[in-house]
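After this come two complexes, each holding chain A, first together with chain B and then together with chain C.
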Partner chain A sequence: MSLNNTSPSITGTTDFIRLVLNGTTVLLESKLSLSRLLAINNIDAESVAIVVNDTVIPRSGWHHITCQANDRINVFSAVAGG
Partner chain B sequence: MLTIADHQFKSRLFTGTGKFSDQQTMLSALAASQSQLVTLAMKRINLHSKHDDLLAPLQSMDVKLLPNTAGARNAKEAIFAAHLAREMLATTWIKLEIHPDPKYLMPDPVETLLAAKQLCDEGFIVLPYVHADPVLCRRLAEVGCAAVMPLGSPIGSNQGLASEPFLKIIIEQATVPVIIDAGIGAPSQACRAMEMGADAVLVNTAIASSANPIKMAQCFAQAVNAGRQAYEAGLGHVNQHAHASSPLTGFLGGRL
Partner chain C sequence: MSSLTDKEYLQYSRTMLLNDIGEAGQIAIMNSRVAIIGMGGLGQLVAQYLAAAGVKHLLLIDNDVVDISNLPRQLLYSPADIGLSKVAVAKRALSRSHHGIDIDAVNIQLTAENSRTNQNQVTDKLVETDVVFDCTDNLTSRHVINQICVQHQLLLVSGAISGYQGHVFCLNFADHTTVALSGCYHCLYPSETHVEQNCAQQGVLGPAVGVIASMQALLGLQHICSTLSQYGVWHCFNAKEFSWQQAQMRRDHQCHVCQPLHISAQSEGAVYVTK
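Moving on, here comes the complex of A and B:
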């Protein structure tokens, strides 16, 4: 992950990056925010939590933190349980 | 009225959301139970399958959600799960459960105390699921847990209050609410727990696995209410010998 405009992407000008989303390797456009990542996967942002490289990302950062090549991103939701 | 941390509950029956045959049955059973504290778990989304949205219908009910840390095998994983839950549900309430043993799901007391201490220090409202260990429950209260949740018997076993003698000690010594969690398999057992002075019970499997979960939820609500009222009224003493309830002398005057 990276904050927009604060840290250079290791992919430089590459248009697409490869990362692992919920255990599956995916190819995504670069500079994709976490919010956008949820949207293109039809995931309701209201009911999930996002973990990037084993760190829980505060909801306040989802708009400006971008996916980076080789990130391990996991999206969790609530499920039934006792 | 039961108070945990700063929250008041009219119902002393807490419920889980697992094991129901379908979501509508689960929601109807929760409504029938009148429960105001409802547990749920968390899981990594399967991006390739469509699943029911659990959260929206629960949030539309008048219930407080209690995420659990099920699946955590140690303190580190449980703390991670608590942070996950806080972001997902915007709540600092967490049911802390750490059970590395998949056969009996016995809670790990050492890891639970470690995680409870840190989460309490971070400002979480921690409700730890533990074995019916009076010493551990005291220690958990001392580190700031808002309640303790000792088990009656193994999770989902419906074996009832196998730990009853130790639950009594925990209740006697308690400085925080005691919620009997796990193993309660029948309304009579929930009633018994409440008669003993438990502050609440948490029931999931017994309702969800009933042939009629909605009716069973109503039965548990009645049992918990009856048990609590009996506790407040005060049970009579248990005696070793008979004590007549009716006069045994003077009747018939020895005419026969």
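Moving on, here comes the complex of A and C:
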């Protein structure tokens, strides 16, 4: 999955935080929810799992859990092959 | 079985040299009962590892037949087996290599559409097992297996791989406190989850499948030997970068599948932890 375009559009009054997304340090809008993080990266929320700081975050929390400065966030594609 | 023969001492000596396994662990392995659901790339290797380790009672479940495209990674099967039932071929091959092994080969698929009949057929068998290995190739079957394991408080070792990404974890639904923390497969991938591509579309390298299958066998054997501490840890393998990542699984407080076990854990004094 590509997560290269992680920088949201910058406005004059927006605060930004730095965190590590899939191993790459990125600058993101503060108070960004995990759902929004997926949306701005064009990632289908129903086909991934998210790990924040080595803990899986269940999907039901993605709308209200926000990215924090220095978070380590990994987005994994769901796989079911055997 | 409560003791080993001289031949068995020789055969399993390397396993028993591990101090925390020893003879007691080997006897536990030989007395164990396991189920392997899905006898494709993952399942056929898990079965070989467990049989070689000394597991005597295997329940193999799959309705697929051997296809020529399976052969590069499904090493239990040969060109002569093409078109034959995987569980039947596996039973024959494993029985030939491992004296005294007892294999129950069940030729069905566990899916939501036919699951009621098939669940009834296999649930009685699954509840007798110490470990259930989910080696299937689709989300529907994985959810059905998860539900059975939760309902009957079984030990689930789940492995999956597609492309260069592999995942594996072990959940013990008999331990309600752990379930209250780590949840179940549905907490990780809710019902509406869909995979972008499967092995047939995305491709996969045989040895990468082997890595995940080996991890499944390792988790299962260590559970049987009571040496496992990695319950509720999600192991993610990147076969392109040769890297692993681990994450603690978390129960989804909205998950209806493992809710009964969560309630049970609360009554036992467990504290639900969430971010």
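Here is the rule we go by: the second predicted complex is superposed on the first by the 65 of 82 C-alpha atoms of A that agree within 3 Å, B and C clash if a C-alpha of one lies under 4 Å from a C-alpha of the other, contacts with A are read in each partner's own complex, and residues count from 1 in each chain.
Here, a residue touches a chain if its C-beta (ideal position, glycine included) is under 8 Å from a C-beta of that chain, and two chains touch if they have at least 3 such contacts.
As the structure is a prediction and not an experimental result, all values here were calculated from the model.
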Based on the superposition on chain A, does the combination of chain B and chain C result in a clash or a fit?
clash
Between chain B (first) and chain C (second), which does A:Ala39 come into contact with in this model arrangement: first, second, both, or neither?
neither
Per the contact definition in the header, classify A:Ile65: touching chain B only (first), chain C only (second), both, or neither.
second
For A:Thr24, decide between first (touching chain B), second (touching chain C), both and neither.
first
Which of chain B and chain C A:Ala49 touches, first, second, both or neither:
both
Interface residues of chain A shared by chain B and chain C, listed 44, 46-47, 49, 51, 54, 56-59, 74, 76-82
List of chain A residues in touch with chain B within their complex:
21-24, 41, 43-44, 46-51, 54, 56-59, 74-82
Give the list of chain C residues in touch with chain A in this complex.
38, 40-43, 135-139, 142, 159-163, 165-167, 183, 187-190, 192-196, 198-199, 202, 204, 234, 236, 245-255, 274-275
Touching residues on chain B, where the partner in the complex is chain A
16-20, 23, 26, 39-47, 51, 53-56, 65, 67-68, 70, 80, 83-85, 87-89, 155-156, 202, 204-205
So, in the complex, the side of chain A touching chain C is made of residues 44, 46-47, 49, 51-52, 54-61, 65, 74, 76-82
